[in-house]
Amino acid sequence: MDLLNALVALSNFVLIPAIAYGSQLALGALGVTLIYGILRFSNFAHGDTMAFGTMVTVLFTWWFQSKGITIGPLPTALLALPFGIMGCIILILATDRIIYRFYRVQKAKPVIFVIVSLGVMFIMNGIVRFVIGPNDQRFLDGERFIISVRNFKALTGLQEGLAIKTTQGLTVITAIIVVGVLFYFLNHTRTGKSMRAYSDNEDLALLSGINPDKVVIITWLIVATLATIAGVLYGLDKSFKPFTYFQLLLPIFAAAIVGGLGNPIGAIAGGFTIAFSEVTITYAWKKVAIYVLPEGLKPDGLVQLLSTDYKFAVSFAILLIVLLFKPTGLFSGKSV
Amino acid sequence: MSEIPPQSDSDENYHSLSEQAEAHALAPLSEGDKLTDTSNAFLVGESMSGGYKNGPDILHNCTIAVDPGEIAVIVGPNGAGKSTAMKAMLGMINLSQGIIRLDNENITTLTPQDRVVKGMGFVPQTSNIFTSMTVEENLEMGAFTRRDKISGTMTQVYDLFPVLKDKRYQVAGELSGGQRQQVAVGRALMTQPKVLLLDEPTAGVSPIVMDELFDRIIEVARVGIPILMVEQNARQALEIADKGYVMVQGRNAYSGTGRQLLADTKVRKSFLGG
Amino acid sequence: MTGKQRNIIYFGFVIVLMLATGIFTSWNSVLFIINFGLISAVMALGVNLQWGFAGLFNVGIMGFVALGGLATVLVAMPPTQGAWTAGGLGILTALLMGAATVAFAVLAYTRLTLGKLRTLIIMGILISGFVFYRVVFDPAVDAVEAINPSLEGYLGGLNLPVLIAWPIGGIFAAGAAWLIGKTALGLRSDYLAIATLGIAEIIIAIIKNEDWLARGVKNVSGLPRPAPYEVDLQNDLGFIQMTGKLGIDPILASTLFVKLVYAILFIAVLAILFVLLQRAVNSPWGRMMRAIRDNEVAAEAMGKNVTARHLQVFVLGSAICGIAGAMMTTLDGQLTPGTYQPLRFTFLIWVMVIVGGSGNNLGAVLGGLLIWWLWVMVEPLGLGVMKFITSGMTEGYWLKKHLMESAAHMRLFTMGLVLLLVLRFSPNGLIPEK
């Protein structure tokens, strides 16, 4: 019984949150890695792209809510999501047309693209703050839990409760669907394969008649979609605050690099690696420990390896370890 | 992929060689000779001069032609402009002079991509496969511009290179050097080219694999696709060539049938190691 | 127009800009802008050394600046009574143990042969080391933080003159830069970017959370100043007489005087660094750095140790940022870890370097002053623009209200716009590299 309780506590506080967070990071890292693979630069504006897509979704959610349009137990944000994606796509395609394309035609060095993306980051950040303000925004509605602690306890009779938030379930299901569709697209469609070919060997792709402009546009479409979905899921699960999205850049990049930049499978693996490390290292294990350890060894403290304020340090430490021992990442990415 | 400039010492060597060559019976070939008569040629680059962007000219009045159904080979020392000549025919070089014709159509102003669509299949020397994709996907990408069914062509390629059929779902980057070259040639064949251009297809493979590759190339030619090939392994290449061009310093130095060139003592002494 | 004339025009423009700002707002606020502009110029010099002369992409400036700020606290504040005996030594012991653990683990990694046994030994060293570290560290920290928590609760500093903190801040930043450079340089440029971005966040997290070090988010205020206090000046008879002669209000005069003292100190630092950097980049060393930047492969082939040179430049540039950070905290008179934000302390400096002209020290200084002015003035200017735009709307209309409230957020947008415009239409910046 104690073991079961420990398992429930572990799931409740570590596994479920880490899986949800990992899915969000994976979706974010997929966007970063696709841009890196196809457009060949590290996009520092990615966090703010996520913020922009989420902001549009939030605005539509509020509008729907004010009109009384909801979808039962599910968050209204799901209904608004397509509009958010659309808004993000429009912004990102405009950005590419007005800004990035110029440098692509010039065949500018990757680092120039990175600096340009800094400028884009500023602008997107400014737009988001201008429209919705810098503060926390909540836009979650509908049923809060799939299983609440009380129901779980009543159902199982266990001492420990297990809660699965609707947003967590939604995150995982959405992530699975999105990743499934993305991988089907990349591996089984002509256009998807041409994207991989372009990422693999640009010259040969051109020689094979693959249209680079089309590849770039489709990449941006996918990136905008992924970014908005990742941002909305994160915002539903936690809350929407522009600065937090900017800060997400670090764990997202860490995930993409740990997995191997330019490698989509790596991005997913990296996302979960980072999420699980962050959660396990900053979790206070006392709750689990009191069930597992014998009477005499019960811990006095929280048994927390690091305070939650150091979660960035965790992503970073993992990043460093990977860089030191396997610079191309767990799943060999590109080393340009 | 820039052309390695000739080292100064060997440079002089070849210079004197080309001077000797002028006195030689075989080259430069006189007007009206069958070999310089390019009117029947399927693909011809005529009196090409030019070089890379802003750089000096690498090619000087160089002529390369492939007749229907034949294998033509360009050989010559390092830095002679062999690959450059081939790239010029593909439109990757700025030509200051010269005309490229494909099937009697002037294609001098077309982009490389358009020339591929017109029927020129090209296998670059390096980075000639998509290493992260499977063999079959490599072939599919080769046929990217085609809108018709490609399964027939794919079967032909697999018939030609049975090894690839066995490894069709393997990632191309994991194959051996010789197999990679087969993938590269297969990818180019997927466009159903009217002429195939190979840039040093045997670079870096073992002698046994090289022989096998040459066998395959002969088979491709037998299907009716004329082949233009740049080769380091001059002797073996000339053995299978219907026509050979020896290039020195961006100029045609000698040309003739493969047999003629192999038999020529001057050519043998200077380029084939005796 | 020669380069010299152009530079005179640019800097003349900056002076006119400052004078105009003084006339239209107040001299106090203009001196405030100038002081922070000078600090920004120092930071821009540091980043320009890394980017302009060596092509290193550092986006962790914030961290190095914060380390400089930390140095000010550790050098200039008086030590907390009893803190060292209560837990200071314990903390020090724990940190040394932590360092020893890492050293042992590295030793085990290098000395033992690859295998399961090695992994186990390293894991054992790390885990036991961590447990011992926490056993010593936690009670010591609690003891220190229990001392007068509302005002102190930290170890305090060395009670030395605050100016000493400036070079110490540089050394702190250099140490961190050496560590990060050792791991991330020699890898791809993107990795250095991510690594520096990460280290900056971690440095801030440490300063925010380790209360025993510098009180964390509770801030350390009342740092000793290198300039006299306004109140003292106002009570100083000589000063009052002087202001009487000049016909200025003594209170206003005292605030201006203090700011001027800071400005002179900052100008001195800027001038010293500028001269040193100019000499460095025009020396054979500087030419070698540029050669490496322009063609790493060729430089390496000629026997230059590219990674070592990069490390050198990276450490030097970061040290300059550390000095600037110490200067800034000194000017603020307090260390407020909560205010360190990457957009303000990292990316804004980048805008300065790019706009001023990467690879040119004079450009970096110009960019620092100009962009800092813009950063401060965008808010009032943006408000003016918004007033103009919304002048046709009726009072209380939601859009008017929203636009007026959001005017403050024009800053980031403007900075991004300036950066992109300069990159597009004048990629070498206002004062290009010669």
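Note that the chains are named A, B and C in the order they appear, and that numbering of residues resets to 1 at the start of each chain.
Heads up, the rule we're going with is that contacts are C-beta pairs under 8 Å (C-beta built on N, C-alpha and C of every residue); 3 or more make two chains touch, one makes a residue touch a chain.
For clarity, every value in this text was computed on a predicted model and none was experimentally measured.
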Take each protein chain as a node, join two nodes whenever their chains touch, and name the resulting shape: line, ring, star, complete or other.
line
Which two chains have the greatest number of C-beta pairs in contact?
A-C
I'd like to verify one number: the distance from the centre of chain A to the centre of chain C, where each centre is the average of its C-alpha atoms, in whole angstrom.
30
Express in whole angstrom the distance between the two chain centres, defined as the mean CA positions of chain B and chain C.
59
Taking each chain's centre as its mean C-alpha position, how far apart are chain A and chain B in Å?
48
Would you tell me which residues of chain C are touching chain A in their complex?
55, 57, 59, 130, 138, 183-184, 187-191, 193-195, 197-199, 201-202, 205, 208-209, 341-343, 347, 350-351, 354, 405-406, 409-417, 419-420, 423-424
In their shared complex, at which residues does chain A touch chain C?
42, 44, 99, 102, 110-112, 114-116, 118-127, 129-131, 133-134, 243, 246-247, 249-250, 253-254, 257, 261, 301, 305, 307, 309-310, 312-313, 315-316, 319-320, 323-324, 327, 335-336
Residues on chain A engaged by chain B in the complex (per definition of touch):
190, 193-194, 196-197, 199-201, 203-210
The residues of chain B that touch chain A in their complex are 112-113, 116-117, 122, 124, 127-133, 137, 140-142, 144-145, 187, 191
